[in-house]
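Shared chain: chain A. Partners: chain B in the first complex, chain C in the second.
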Partner chain A sequence: MSNIYKSRKYVFLFLAPAFLFLILYLYYPFFVNIYGSFRGIKNLGTFGTKWNTPWYENYVKLVTDPVVRTSLKNTLIMIVATIIGQVGIALLLAILVDNIEKGTQFFRTVYFFPIVISATALGLLFNLIFLYDKGMLNQFLELFGRTELIDWKGEKLAIMTMMIPVVWQYVGFYFVILQTGLNNISQELYESAAIDGATRFQRVWYISLPLLRNVLCTCLTLGVTGALKVFDLPWTMFPKGMPLKETFLTGTYMYYQTMEAKNVDYGATLAVLIVVLGVLLSRLTRRVFKESEDF
Partner chain B sequence: MKLKKLAAVLMTAIMTISLAGCGSSAPEAAAADAPTRTEAPAAEAPAADKTDKTETAAPAETETASGPVEITVTTTFAGEDSNAQNYKDAVAQWEAATGNTVSDTSATSDETFKTRIITDFETGSEPDVLFFFSGADANDFVNAGKVVSIDDIRAEFPEYASNMNDDLIAASPANGVKYAVPVNGYWEAMFVNTAVLDAAGVAMPDAGYTWDQFLADCQKIKDAGFAPIAAALGNIPHYWWEFAIFNQQTPANHLNIPGAADDATGAQWVAGLEDIKDLYERGFFPDNTLSATDDETFAMFTDGKAAFLLDGSWKVGGIVGSCQSDPEDPSTLDTEKLSHFDVTYFPGKGNRKTTDMIGGLSMGYYITTKAWEDPDKRAAAVSFVEHMTSDAVVPLFAQHTASALKNAPAVDESQFNALQVKAMSMMSGVTSLTGAVQDLFNGDCRVSTFDGMPEIVVGNVSAADAVQEGIDVYKDTLE
Partner chain C sequence: MKRNKIGLACLYLLLGTWALTTIYPLFWVLENSFKAKDKILAKSFALPLGDLFTLANYKRAFDRLDIGHAYVNSLFISGCVTFGVMILAGLASFALVRFDFKLKKFMHTLVIAAMMFPVFSTIIPVYTMESSWHITNTSSWLLNMISVILPQIAGNMSFAIIVLMGYVQSLPLELEEAAHLEGCSIPQIFFRIVVPLGKPSFVTVAIFSFLWSYNDLFTQMFFLRRPEMQAITRLLNELTSKEGTNYGLMASAVTLVIIPVIVVYIFLQKYIIKGMTAGAVKG
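And then the complex of A and B:
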């Protein structure tokens, strides 16, 4: 009997558009990007007029460029900030909210709200908060008697100033995921533990955290790979790696080289680095944060 | 079963069509349609326009047979630009007279704006009409044939820019052809917050102000607890770059591009950048000059926390706006506050006289090839530029700067505010007006000394290395 479900060709028919889409808009540009990294390109939309001399010039530059090292270092700091700041704080908040009886929905909405605001708008908002003269933070410090202004976006504090809004924005995202995970844990386990005399801390430590392991692994994988893609908020607050190119991330440095410095071929080389880094890190996180089938 | 097969085929077809739709070539389709609509451009509309252009500046009726047209326009008349409101008014006047509409994407002029424009051209999303620099910044899209020359437009619209003195219209450095119809000129000079000077016991600089006097005054101002210079070196070092180099040169050789950092011109550039480094080391810039934006340091200047602001004629409007309780309403101007602002020449050094200034006609209206080849938009774009460059509109924009009009009307100073009058007074003492060499030293050549300025002033990169890097990129561009 002819049956649409038995014939494999229909499966390929349905898969074809998405496959073509990926070929056209992901894999083809990726390979073109690799080709472009060996060419001398000043303008977008062209392959340039000549090969670099030597053809691997950009890759040598990639290794020797101190700003690449800075951006890699900052990206690693961003990953750590994501793990500790975003997932860590989200876990703490989720556990706290899980232990209250009223207002769960309120906190869920409040913590999730920053996610719905565009990162660019948040960047502008935090620019005002961290403003040197008449910024909100410095005005508060003035109220408490401080006479000298603090340059929150200066060389010494720039990285911290950049990380705070990024961490703050995504805490709610992981909070909601972890909260859902906590809700899935059977209340009977907690009740049994309470009858056996377990304290609240012991219940969290011996029940909640082990049973949240898989959800935490998912959050950490999302967080680490997401940290590689952070772009708009840092760029809005610290365009061109201000100050002194100290705040570049791999993504913002690639954008800077491509769009601002008009060094398109070097931007393409940085894009290759980002892809390689993304693939390696996602494999690493998958291995480190491997989900357990015991839970 | 047949129904399921049919549904599967239909869904696949719809998905495929959706994908194809993403990459459809609408421009080609439009081009294919073009011959059937050749009557659309109101080719003679500008002729009607020219008769009343000098009297009322009423724009021509360019509405095509197919109805009102929307053209996209990008200018730098935005933000704190002196002419932002004049631009809005002039556009509204043109829209009311023609029935056409303008989709405006104007933005404040800075390096990001320039990059955006170049990228728009490269990706085929350029506007129909563009107000942009006529120097080397436009080379990429001029070389790509993406804008129409004034001569080509005049072949069809003989009166196009006929009210302009052709000798004053800048030719593109790319090919010597004239594309951009200028509106108003510009000058760059040093704005002064006299309230800060008074508080620091410093006299208002005059036409003989020297670099050494400037350094001494900056020290006094710093000692009095103010920032001597309002500048964001990590954001907009352009004006300091230009004048610091000019100070090592004369108007006769300022537009020379060095062949190497250690040749005569290169050494002047290096010396100029080292002067900026010296100012930084003396602590004459704001504490946050490397992390601040231009807006922040401008606010310091207008709030009476910094004494000197090196900027362009377009900043007059921003300063006046800061003295109004409603920046959109001139009637709310606080004249007392405005009286504390003045403008003077950049301190002279070496063979450059204090009264030698940077200025000229560096920008103008381009009509893009995309608009020109669109039969619906061609006449509208021409009409728009003719209106914006008419004898009635240009003087409103030019104010205290120059214009390229053949019959420029006498300036009515009674309409000027105090700062504009002071600007006119300064301009009357100018001994020379030289273009900015950064307009010839194209985009990416400037990266090592513009974006790299913070690293130069803190000593991470030597001025000589930064200049040489820029020259290497410049030479590479010429190849």
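And then the complex of A and C:
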């Protein structure tokens, strides 16, 4: 290393502000949150006046609360929807785009832009689309002669209605990552395979997919951790777990307990659950879709 | 490579179908924002021409909803977050790559580990901390804005440091050595060489931070609870509970929020796509 960079003064001056932020706004609150999950906190903005009795009361509640079970189930469905829906559709589209010459830039632009738009605005937009009496979809079905209205946000279809916009919004994100990966595969490989008589499908199956493996792993890991962070769209479309607390995800339930039900300490406990879930799931994904070192 | 025409047409048909699902909903909300609210339910596919056309929804959005004010708040918050992240992360990444010091490895680990904390797990204590400083839920506009800006800067810091470290590592040391010989001080090296040469990387970071902050609802729900302090996503969220059945107003509000973003996206799409996916590719 060059001898320009020895000054301790500058190391400190350059690092201190950034690390002050990290410590004050991430590390310190992270641990205080765990502490808070053992306290009785009625109002947001205090540390509470006493410990819970027994001190692990919230964790007992966590195990017995049926809504926690619902929100865990919904979160798992969300993860599966992410893997199959987002990454699956994105992979399909990326492979298709890899086979055309004109218009790739157009599709890239159009597929990606839902990500740029705020999920809250999209939530309102989808509220209008899924409106019972009569949103876009029900009017559309009417054009095809359907007389009965479908209650998209009712009990039966609520979970599906919640997943569709989330999946839809992020397809473009994975599409761009996968398409970039496909572009990095040498064209000569395909050409020599074609000379050897490989069909289009064989070229995808034996060349594209194996070579995309690491990129796919990245996408799946991102998808799983991303699914745990979803908040804006579900909360805008189905506030407070409507209908009948059936649509809570771990994130929205944490918000509900903290801000609506005024169980701040229980909200903190749910936040701990989200962290544990995140760590476990990202470990698991990495193990299942282990990145290979071959390439 | 040759291929038959029918196959190619099918490809374009499939790709076009997905493109339609992303374009049409936005077009639909745009056309319906110009219709009276009862017409949206009856004739949502018709173009807003002749009798159907009205600007009433937009008038209402500006008069009753005060959407202009929310815009100012949003732009101020996101602007400050972007600026703060770029400066602080830039300095930190420069120090972490170029300088040699004892805790270097440890601090690098701290940065990476900080990416793992979901916002849910820090928000309650952050709120407690800020309310003990009396900067949130006060009548002062500036303090309220700051109470959102600070946690959002922290939330983008790790990602920004990691992206910028990658850039500083790729910068040839000879340039800085030459500048040093010419008598540049270390801050001068940073501001005159490292920052100007790293424009693309800084733009990536800026776009990511700006959009993330502009679109973030969760932090705003905690810190901007007074109506006059609301930023744009918070205002939209409120709209559902306040005017849940005024579909025309909703359509116009959604349009007003989406249109500027789309305009910016069309001009800067190359950088935006790069900015939003940079974190992914870096892992």
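The working rule: the second predicted complex is superposed on the first by the 276 of 295 C-alpha atoms of A that agree within 3 Å, B and C clash if a C-alpha of one lies under 4 Å from a C-alpha of the other, contacts with A are read in each partner's own complex, and residues count from 1 in each chain.
Please note the rule applied: a residue touches a chain if its C-beta (ideal position, glycine included) is under 8 Å from a C-beta of that chain, and two chains touch if they have at least 3 such contacts.
The model shown is predicted, which means the values in this text are computed figures rather than measured ones.
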Problem set entry | First, second, both or neither for A:Val204, with chain B first and chain C second | neither
Exercise. Is A:Gly154 in contact with chain B, with chain C, with both, or with neither (first, second, both, neither)?
Worked result: first
For this session: Identify the partner contact of A:Ala261: answer first if only chain B is touched, second if only chain C is, both if each is, neither if none is.
Result: first
Problem set entry | Touched partner set for A:Val32, first chain B, second chain C, both or neither | second
Exercise. Counting only touches as set out at the top, which of chain B and chain C does A:Thr109 meet: first, second, both, neither?
Worked result: second
For this session: Go through the superposed model and pick first if A:Met78 touches only chain B, second if only chain C, both, or neither.
Result: neither
Problem set entry | Partner chain in contact with A:Leu44 - chain B first, chain C second, else both or neither | both
Exercise. Does chain B (first) or chain C (second) touch A:Leu125, or do both, or does neither?
Worked result: second
For this session: Report the partner of chain A that touches more of its residues: chain B or chain C.
Result: C
Exercise. Is A:Met242 in contact with chain B, with chain C, with both, or with neither (first, second, both, neither)?
Worked result: first
Exercise. Residue overlap on chain A between the chain B contact set and the chain C contact set?
Worked result: 2, 4, 10, 13-14, 17, 21, 24, 44-46, 131, 133-134, 239, 259
Problem set entry | In the complex, chain A residues that touch chain C | 1-2, 4-8, 10-11, 13-15, 17-19, 21-22, 24-30, 32-33, 36, 44-47, 89, 93, 96-97, 99-100, 103, 106-121, 123-129, 131, 133-136, 139-140, 143, 168, 171-173, 176-177, 180, 190-191, 194, 200, 218-219, 222, 228-229, 231-232, 235-236, 239, 251, 254-255, 258-259, 264, 267-268, 270-272, 274-275, 278-279
Problem set entry | Residue ranges of chain A in contact with chain B within the complex | 2-4, 10, 13-14, 16-17, 20-21, 24, 40, 42-46, 131-134, 149, 151, 153-155, 158, 239-240, 242-245, 259-263
Exercise. Along chain B, where are the residues that touch chain A in the complex?
Worked result: 1, 4-5, 8, 11-12, 15-16, 18-19, 23, 111-112, 115, 118-119, 122-124, 140, 234-235, 287-288, 290-292, 296, 299-300, 303, 305, 443-444, 447, 451, 454-455, 458, 460, 476-477
Seminar exercise, completed: In the complex, the residues of chain C that touch chain A are 1, 3, 8, 11-12, 14-15, 18-19, 21-23, 25-26, 28-29, 32, 40-42, 44-45, 88-89, 91-92, 94-96, 98-101, 107, 110-111, 114, 116-129, 131-132, 137, 150-151, 153-155, 157-158, 161, 173, 176-177, 180, 186-187, 189-190, 211, 214-218, 221-222, 232-233, 236-237, 239-241, 247, 250-251, 253-254, 257-258, 261-262, 265-266, 269, 272-273, 276-277, 280-281, 283
